[in-house]
Amino acid sequence: MLNVGIVGASGYAGGELLRLLLRHPHVQLRCAFSGTYAGKLLGEAFPGLSRYTELRFADMDEGLLTSCDVVFLAQENGKAMHLAPKLLAAGCRVIDISADFRFRDTETYLQWYGQPHACPEWNREAVYGLPELYRAQIEKARLVGNPGCYPTAAILALAPLLKANLVDPSSILVDAKSGASGAGRSKFGLDYHFSELNENVSAYKIAGTHRHTPEIEAVLADVAGLPQLRISFTPHLIPMTRGILATCYAQLRSPQTTKALQELYIEFYKEAPFVVVFTDRLPSTKGTYGSNDCHIGLAVDDRTNRVTVVSAIDNLVKGAAGQAIQNMNLMCHFEETAGLDSGGLWP
Amino acid sequence: MLNVGIVGASGYAGGELLRLLLRHPHVQLRCAFSGTYAGKLLGEAFPGLSRYTELRFADMDEGLLTSCDVVFLAQENGKAMHLAPKLLAAGCRVIDISADFRFRDTETYLQWYGQPHACPEWNREAVYGLPELYRAQIEKARLVGNPGCYPTAAILALAPLLKANLVDPSSILVDAKSGASGAGRSKFGLDYHFSELNENVSAYKIAGTHRHTPEIEAVLADVAGLPQLRISFTPHLIPMTRGILATCYAQLRSPQTTKALQELYIEFYKEAPFVVVFTDRLPSTKGTYGSNDCHIGLAVDDRTNRVTVVSAIDNLVKGAAGQAIQNMNLMCHFEETAGLDSGGLWP
Amino acid sequence: MLNVGIVGASGYAGGELLRLLLRHPHVQLRCAFSGTYAGKLLGEAFPGLSRYTELRFADMDEGLLTSCDVVFLAQENGKAMHLAPKLLAAGCRVIDISADFRFRDTETYLQWYGQPHACPEWNREAVYGLPELYRAQIEKARLVGNPGCYPTAAILALAPLLKANLVDPSSILVDAKSGASGAGRSKFGLDYHFSELNENVSAYKIAGTHRHTPEIEAVLADVAGLPQLRISFTPHLIPMTRGILATCYAQLRSPQTTKALQELYIEFYKEAPFVVVFTDRLPSTKGTYGSNDCHIGLAVDDRTNRVTVVSAIDNLVKGAAGQAIQNMNLMCHFEETAGLDSGGLWP
Amino acid sequence: MLNVGIVGASGYAGGELLRLLLRHPHVQLRCAFSGTYAGKLLGEAFPGLSRYTELRFADMDEGLLTSCDVVFLAQENGKAMHLAPKLLAAGCRVIDISADFRFRDTETYLQWYGQPHACPEWNREAVYGLPELYRAQIEKARLVGNPGCYPTAAILALAPLLKANLVDPSSILVDAKSGASGAGRSKFGLDYHFSELNENVSAYKIAGTHRHTPEIEAVLADVAGLPQLRISFTPHLIPMTRGILATCYAQLRSPQTTKALQELYIEFYKEAPFVVVFTDRLPSTKGTYGSNDCHIGLAVDDRTNRVTVVSAIDNLVKGAAGQAIQNMNLMCHFEETAGLDSGGLWP
């Protein structure tokens, strides 16, 4: 059994790590650190875990942490880059769910996250943890930067088109809709107050100002083999708890049929156990509720020669904790789907 | 007092007509026809009206209807074009909330609604009931085709840019999010079952297949002075009851600042009592809940030279019943805001 | 025109006061005080008011406030009892939406609200602002303690039975369900975080520990002509924004028919413009959405000789701001329904 | 591996059976019958299962069905009593999720379900499938009547009090709140239309008219050792998809402390793996979301000498499919929690 530890275990990504790791066949949960809940039972933060474990949250204990084989970091941005080097030096494998190790280019990190990167040398070694694109690198990685939730949905929706050079990269537009849990548990802004978000939808950080923009751009540029790429990305907050739907648009370089593109996607994802390409209907977020799946659908509009690709994920699973475990499975040479074999709840 | 009648009074648009007209200072509600609820009190279909009226729904009575000064038609598509000619011949003014009189080009109607237009001669005289663009014509109209809900939000968001020739018309993309009430009251498909729509979001009729596409295109082409225009339009169903948020994108012909475009919008809508242009934040649908207002916000992305415009309406008010009453006010030379003077509920 | 001022104007009750008073035919809004939003336009706190007023929130100005004819106090508990005496001394009429003037017995206030009452002499003069029971006293009052939201729903549901001495007072049980807005706007506990409240329902402060318990008991005892009365009251938080449904139970002293009790209720409320007694169906909160109405339904269970009475209100209107305006109307001898003539939105 | 079949597999209980059985360690799903979806992939009815199985729904095939070791019947009431005898005669074990085998007294079935029981002889042998009360009988049963969702929540909340003879049975009152999925998938009444249920709560079938009333009464009478028992039961529909919260009230025969009763419950359920008794907080439905757990909390009100017990379950899991699998585990001598080892999702 692999010993694993979690830092930032009482947030929403932490809670999903706990829920999934407690059932993982090859893993033993050794410690769950949380400043807020230290000393309390896991079930006090996550009532659904009440009967599954007697474990308690604890205050950070670096000694205990470095004795783990794999450590998941699920803290706010700017923390992992200080903690990870110690863990790596002690021989732990590290999967960071924050943004700290997502950018190969630390200039971009500085520009968008407002602070210089604390360990550029480790950052150079980090692998972007999107297994559908970087499986081989992840299998050999010691340090993985787990992708953002929006980038996961957007990149999986667009990568096949860019890889095949079928669309004009400058025409790409991602209009994404997210449930409230993406903002995390401790964010108590009025925007997430039930009374204000229920029966309400809004766009936020429009016109290229959301931090996930450069993350999507960097990975898509890499996929397309371009030095740089600029997209329009608009996040929306909608009145639901879980789920991201990314509606992506691009101008086709030449006419294509919907069927041909569906086949391209099926081929592209044939080795990806969690990606399902729908050919007879469109995805909805509920189809991925609680699971690590990504559902994709698409259609070509002949009138405008544009393609619309829609992808759906559970932002806390494939967009965070589930993907982190998928990365762990690859890093530790377990079956890629180990501990992630549950389908989405319906309804 | 003006005598008004409603056909299709027990649907959601009908209910909002009833709620608003019962308080209208210059109107007397003479009859409310509904096949489903004939004989029942208005309050049985709309509990909120229980103490406000003793009126009952009735089966259609053309004699009674032709005695009204103004008739609102709120039935499914394909009905109004048969009924309206009789009402118009009898001297009634008619405001049709269905799609029957929205297209000057009956070929487009045939193509998208699957049946030839039954009275092309009256259709030629009909005015598209978007007062912010066609106020003068509406004031003289006998027959108004009330705009669709999505077109209202999309056109108000994009008209100023096209009028000023600031964007490439072929680059326009509308990604719209709607609450469930847009589908009407009698649509009992599984998609609108609470259990399936709650905690769920999906796109539908993507890639230029939704019937509101040609409606938006025709009006925007008219605004732009172009013979034709093609947009990408994607509707989404989100887990809320009321409200449409239209996120609209277009490529700028030349660089613009956010501030300059905000001023353009403020100037464009300076005579429009229901349109509010936000300069310091973005609109959300809740801000228009239950009111006839349209809230608009925008920003320019210098990185891509694209502008994003977001508009919010209550789909049942500005997107249907409220706009119909606004049209009646103009046709009857009442104050444009008569009976529509209530702000949106918050929260 | 009556000059009115509001203290605590940026909370949810404050917002509804603003929305309703801005349309009130006999009222001019003179000032709206808010510490949080001082200097900002009303529309910044309540987007739905954006186009209806240029007024700004201000910091408290007692001089300006005492120049008002009527002042609404919508602050947290414990504030009004310090401010009201000054306003009353200056000749203002005061309607307090907090709990400060709801209890004739200041001992009860001390016991449940944890502080001694600051002005017992004014409290003696205060009238409990439930017009359906205390209309005559309210018409002569200078100071009104506006009822709590749960008490409004519960008392209206039970008063006819107690007045007629038909039920055993010791058997009364109130199981109430409330939307999140009842907790106010600035309460940012995790319980009101969208992600935690959506798809969730829970009871809180069960077994006689909620502060509205003694309020309901005191008024019901007064109605029943008893020195004291003990009920079971259980509040629940459900995933919606507005609305309270109170399901009330009592043991009948002797067998009764549903029909006889419905007639008793109709008779009891025949002078009450806002109370509707349903005889053919049960009330739901949506039927009162945004309105000052209270909908009541009931049925007798012969098997247990118990009666179940269900009442529905909008907690922010009949449960707070609307009822406060109804009280103002009575105090100022306006029509009781002035400014409150809008039916509930459906859907 | 056990061969299992499902009849009525495309409804919500059927969907949860599929989701859970596809992961069950000792089970092989042999057939899933559905009239509506015959010929379609399971993933077409339940998108969350898309990547987990290639199985298709089929039209009923009694030959195939009788070859199964265990059959789950998840059809509407009145079907199972015709089909079960054939399956039992062929040696299958049968777990019926409808009401057909829940009543030992077929008179009660006739009275509340409006038809005579078709196989009273098999009904005599059926066991009520609530393992926390009838584990020993279930282990030997060939035919189990799976409890209703409301009865599961209510009986688990009240059984310890009645068993210990601590409360007056005639004082029992159950006020239950359910999400919409309890009504099933094909029920397309207006009440379940998203637009009408969202932002709405209502009581229905009040005053002893809901069919779950006699089911709760019969089992509680059995627990209390009484020939008969009458309760008040009020179901409510609230705007969420999954979950039942049952708030139960009873008059204590003698004073009790909250702590003493908590200990009684903990002792009562010490062998019940799915029941968690909370001593430091109250349960909420979200804590059981997607799991087979039942969470219980309680408190005594000294003022009224009443106890309030609150229980929470997922109506589709512990209230239907999960409990059916728990029954199968017992009938087949698997571990009671096999295939049911997943904690509830949070948030």
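Letters A, B, C and D name the chains as they come in the text, with residue numbers starting at 1 for each one.
Just so it is clear, a contact is a pair of C-beta atoms (placed from the backbone, for glycine too) under 8 Å apart; a residue touches a chain by one contact, two chains touch by 3 or more.
From a predicted model like this one, the values you see are computed outputs, not experimental measurements.
Smallest number of touch links from subunit B to reach subunit D?
1
Which chain's mean C-alpha position is the greatest distance from subunit C's?
Following the centroid criterion, the farthest chain would be A.
Between subunit B and subunit C, tell me the centre distance in angstrom, where each centre is the average of that chain's C-alpha atoms.
Distance between chain centres, rounded to whole Å: 36 Å.
Express in whole angstrom the distance between the two chain centres, defined as the mean CA positions of subunit A and subunit B.
Once rounded, the distance between the two centres reads 38 Å.
Please compute the C-alpha centroid of subunit A, do the same for subunit C, then give the distance between them in whole Å.
Going by mean C-alpha positions, subunit A sits 46 Å from subunit C.
Which parts of subunit A, given as residue numbers and ranges, touch two or more other chains?
Within subunit A, the residues that touch at least two other chains are 12, 179, 181, 185, 193, 195, 198-199, 239-242, 283-284, 286, 289, 347.
For subunit C, which residues are in contact with subunit D within the complex?
Against subunit D, the touching part of subunit C is residues 170, 173, 175, 177, 179, 193, 195-196, 198-204, 206-209, 230-232, 234, 236, 238-243, 245, 247, 249, 258, 282-286, 289, 299-304, 306-308, 310, 312, 347.
Across the complex, what residues on subunit B touch subunit C?
Touch list, subunit B to subunit C: 12, 15, 19, 22-23, 43-44, 46-52, 181, 185, 198-199, 241-242, 273-274, 276, 278, 280-281, 283-284, 286-291, 293, 295, 341-347.
Which bits of subunit B are touching subunit D when the two form their complex?
Listed in rising order, the residues of subunit B that touch subunit D are 12, 179-181, 185, 188, 190, 192-195, 197-199, 239-241.
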